[in-house]
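For reference, chains read A, B, C, D, E, F, G and H in written order, and residue numbers begin at 1 within each chain.
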Amino acid sequence: MAKFRLDETDHQILNMLIDNTRTPFTDIAKKLNISAGTVHVRVKKMEEAGIILGSSLTLNYEKLGYAFIAYVGIFLQNTSQTKFVLERINEIPYVTVAHVTTGKFNVFCKIRARDTQHAKDIIFKLDDIEGVYRTETMISLEESINDKKRLMHSIFENL
Amino acid sequence: MAKFRLDETDHQILNMLIDNTRTPFTDIAKKLNISAGTVHVRVKKMEEAGIILGSSLTLNYEKLGYAFIAYVGIFLQNTSQTKFVLERINEIPYVTVAHVTTGKFNVFCKIRARDTQHAKDIIFKLDDIEGVYRTETMISLEESINDKKRLMHSIFENL
Amino acid sequence: MAKFRLDETDHQILNMLIDNTRTPFTDIAKKLNISAGTVHVRVKKMEEAGIILGSSLTLNYEKLGYAFIAYVGIFLQNTSQTKFVLERINEIPYVTVAHVTTGKFNVFCKIRARDTQHAKDIIFKLDDIEGVYRTETMISLEESINDKKRLMHSIFENL
Amino acid sequence: MAKFRLDETDHQILNMLIDNTRTPFTDIAKKLNISAGTVHVRVKKMEEAGIILGSSLTLNYEKLGYAFIAYVGIFLQNTSQTKFVLERINEIPYVTVAHVTTGKFNVFCKIRARDTQHAKDIIFKLDDIEGVYRTETMISLEESINDKKRLMHSIFENL
Amino acid sequence: MAKFRLDETDHQILNMLIDNTRTPFTDIAKKLNISAGTVHVRVKKMEEAGIILGSSLTLNYEKLGYAFIAYVGIFLQNTSQTKFVLERINEIPYVTVAHVTTGKFNVFCKIRARDTQHAKDIIFKLDDIEGVYRTETMISLEESINDKKRLMHSIFENL
Amino acid sequence: MAKFRLDETDHQILNMLIDNTRTPFTDIAKKLNISAGTVHVRVKKMEEAGIILGSSLTLNYEKLGYAFIAYVGIFLQNTSQTKFVLERINEIPYVTVAHVTTGKFNVFCKIRARDTQHAKDIIFKLDDIEGVYRTETMISLEESINDKKRLMHSIFENL
Amino acid sequence: MAKFRLDETDHQILNMLIDNTRTPFTDIAKKLNISAGTVHVRVKKMEEAGIILGSSLTLNYEKLGYAFIAYVGIFLQNTSQTKFVLERINEIPYVTVAHVTTGKFNVFCKIRARDTQHAKDIIFKLDDIEGVYRTETMISLEESINDKKRLMHSIFENL
Amino acid sequence: MAKFRLDETDHQILNMLIDNTRTPFTDIAKKLNISAGTVHVRVKKMEEAGIILGSSLTLNYEKLGYAFIAYVGIFLQNTSQTKFVLERINEIPYVTVAHVTTGKFNVFCKIRARDTQHAKDIIFKLDDIEGVYRTETMISLEESINDKKRLMHSIFENL
């Protein structure tokens, strides 16, 4: 897969947006001693190249009443059903992440729920998808780290 | 845990920011038929209440050369070391998520790496943390879903 | 779920009944310096609120010839059968506890039997319920603790 | 182990007390066509023989804010520590049941907690007991059956 | 299950036969200072009571070319098939022991084979029995103890 | 390992002794149309060659009060301790079989006990042997097959 | 299985060919002080006896873009399908090794792929073979040893 | 990792050598209509580029008395010992392959032995390496596929 070449200016723009996606382009321009138009063009180019896919809010789910996190491993009856099952999983908004994995499980999901009862409902919905053979759940007692910013900064340092 | 009361206007503001964190407040104001100042005040209030913690860029890690995702389960020698080990894990930027969990593992992490060799280095770093007894790794063959927007919209519909 | 508000007097009444469910209300009244009628009203109110569900004898099962305890984990073919299977399990009096669980098993039971042969009969009955896919049994060598009184007292201290 | 011989009258007395431990002896006497004194003597004898160990209230733990149930399997460093560890476990009121078991675990416990965070605290306390090597937790999504009355009636029918 | 009462003389007779099933009754009689007829009557009585079921040769299977020992755990599709499957297993002479077990497996067997290839044939025969769902094999690297005589002597000392 | 050559006559003698180790040599001689002396010489030769190692009584352990059978898998801290641990195991008469195995366990034992309590004592003794790291127990619900005679006959047919 | 008798000269010829299969026979002849015709005859004889099955190039797969190695354990629905499944596996060139195994898996394979995505395709092909029930994958982080030459030399020293 | 560019002629040369490493260069030259010198130069260049690492004999290990194959999974006390342990493993010629792996094991080996007893000796040697915590063995009942030629041809077709 051909890699888009980012130069030092791109890295600096990204570094600032990573810390706050709402940073005005004029602030970035001033800091980097370039014009706001240049910032705009660079960001646009990175979006078109598919490097920047968008941005997302970081909400406090506990304060919103969704404090329950679990990982659910899914066994399929047959891997030929993977695509179909993933489409069904995609209809459950409480599943925030899903991976096709090696090892014990065919698909591995992360769910966010209000409480035990709600988690049970979500797990039962996953279990009832046609082609799902069995699930195993591991419950999070505490989300200690959830931070991609360190990774992002590290990537641009290493490039 | 006392829940902050969000009203219908807050929900609509959040719904727009969820889809694009960079949406100008004037656009939001026009759409909701309120003043930009009101939008500003509302967002500020949600930030101060700790509902909005920030925002993050969604990057295409594959294009940046970080296509390798793995989940690493960590066994500790003793759970009294949990806090210490999490601090050490926090120093490794390639670990983007870490949970204290029930079941088989004491801590469960998600890592992003460049390739197998890089993943090995990260796993060995985790293994070498004092108090870590053993690790088990499950490799992702494909990240099929990674989307909290559906969850966020769903939360505001249910509130 | 709205919590019924218990006051200090309720706690003291419960604390006495926990130690001996047959304590006469007149004894409780004397000790708390209130009228027996008040005790009666309070207990009635707690029963109506669903706080007190009833009372149970604590028998010595070993002396009655039921010394064999096992935990049986049940795998279902499909979680949509959970309700049906629990109704079948409920017809087997030797199953004293059953939980819908996360992790390895779908349903997790506690059974009391006379001996190995009797346990085998009970396990085979569980295995033969329609929708049960497989069971795994863990045998108790000794019931070292079985006491909810410490929990009850602790709850009222913490409320 | 010599078994105490219960006769038909004892069974009938127990059958009535099982359904309600507070049933007045005069009611039992009337129903069985015997004197209240006889009921009293019989119950006393069963208590002295250690058949009746006491009685316990059945409370609605969910209404009291203790809706979280988990099973915790404990691995010891050495089984010679079993007695010591059980004594430590006995100091934690949220552990309501503990068994010495065969199979994977050395000791197997049932705990009741307020929520995930409280469960984590209890599990960490168990983990920190000297001689405990590791724990594994299975969380209950629903307590579907918890009823020893069916067992008790069944025992007296079979005797 | 009512236990046949063995007296001291029975124990001494058994103790001598355990060490050598071919010990002549006259030798036993002389040693115990009783008549050979008494020995004969006692042994007959123990056979009729089902205490002595027979005797078996202890052969050196390695010298006979059967050095390969394995334990095979069998999962059934349904425990109602247990009896049928055990009858089929009983037709395979290389299975010397079979148990209905708790835990992971439904049936647990010991097999003796000539070599790896022969073991494969036996395992495949077990796998092909109708109702057998899956098998798992554990291979013995060395039979270090196979001796019931210590147990037998110990039983008679403890009776 | 050089194999002792058994001829047809040896097989026939063994076949008769397998069914009853106490069969008088004169009976065997008559049936095979050879002299009792020949039978005696042949058996002696097979004993000296180490083919026949001895004989053992088949007792009904249930009638003797030893109805409880379990398999115990033993994990060692280090395989260099295997020999030492086997010697310690050999001092426990209730262990009738022990194998050094591949797979999950280092040593795999069969035990016979009076009941659950007795089994617990034996398992704890195994657990307390120096060098034993952990044990796992699988309990037999029924010994369905325990018969080496079919194997023995089959061996002589195949030789 | 009768073993072909190799003499000292055969061993020395093999020892030289093991180090370099392209060593000219004249070089071998000179070194061993025999004629090139003798070398030729000996090698031919070993080929006809099936001792030498052929030769293979040792390529650097990483340089050829095939750096990804995984082990895949395959569970069959029924072992009677083993032969059929192995024939299907044999049509996938990326499977370089396949074993019928004891223990957890029925068949155990080694695969070489270009990357995670390619490995997923191969694993899905294995999963889709009729009769394959489930697979489990273990990924190699580094092939540290892959060398049969030490074994070959060791065999000839021990013969 | 930069990939050496192989052209069509290189592929054809490799394709012929893969089928027989001893194919004379003159034969290859004739078939490809090029000079033997060109073949020589090309092969040399591929050796210098590290594409061709050497060649190995394919022997029939069963005929040489080494019919026993097993896979051994190794758990280390700490991954920092990986390099040291691999060096010790490298001194055991019966280990033909060793991988650093993800998942359950730290290191995963393939061994070839003469028989069960020999395998036990090798496994015990692995177990006794300093830093090795435990091993688990899976025995091959049949090596059904061991063929890299299909892979090699497939690679050159795909390049």
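The rule is simple: a residue touches a chain if its C-beta (ideal position, glycine included) is under 8 Å from a C-beta of that chain, and two chains touch if they have at least 3 such contacts.
In UniProt terms, the chains line up like this: A, B, C, D, E, F, G, H = Winged helix-turn-helix transcriptional regulator.
Keep in mind that what you see is a predicted model, and the values were worked out from it rather than measured.
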Between F-H and G-H, the pair joined by more C-beta contacts: G-H
Repeat of interface C-F, chosen from G-H, D-F or A-D - more than half of residue-number contact pairs shared: A-D
Approximate Å spacing (C-alpha centroids) for the pair subunit A, subunit C: 42
Distance between chain centroids, defined by C-alpha means - subunit B, subunit F (Å): 60
Centre-to-centre distance between subunit D and subunit C (centres being mean Cα positions), rounded to whole Å: 7
For subunit G, residues that touch 2 or more chains besides their own: 67, 100, 102-104, 119-120, 123, 137-142
Residue numbers on subunit F that touch subunit E, as the complex places them: 1, 3-4, 14, 17-18, 20-22, 49-67, 69, 71, 86, 89-90, 93-105, 107-109, 112, 138-155, 159
Subunit G-touching residues of subunit A, taken from the complex the two chains share: 75, 78-80, 82, 100, 102-104
Contact footprint of subunit F on subunit H as seen in their complex: 70, 119-120, 123-124, 127-128, 134-139
Interfacial residue positions of subunit G with respect to subunit B in the complex: 67-68, 116-117, 119-120, 123, 137, 139-142
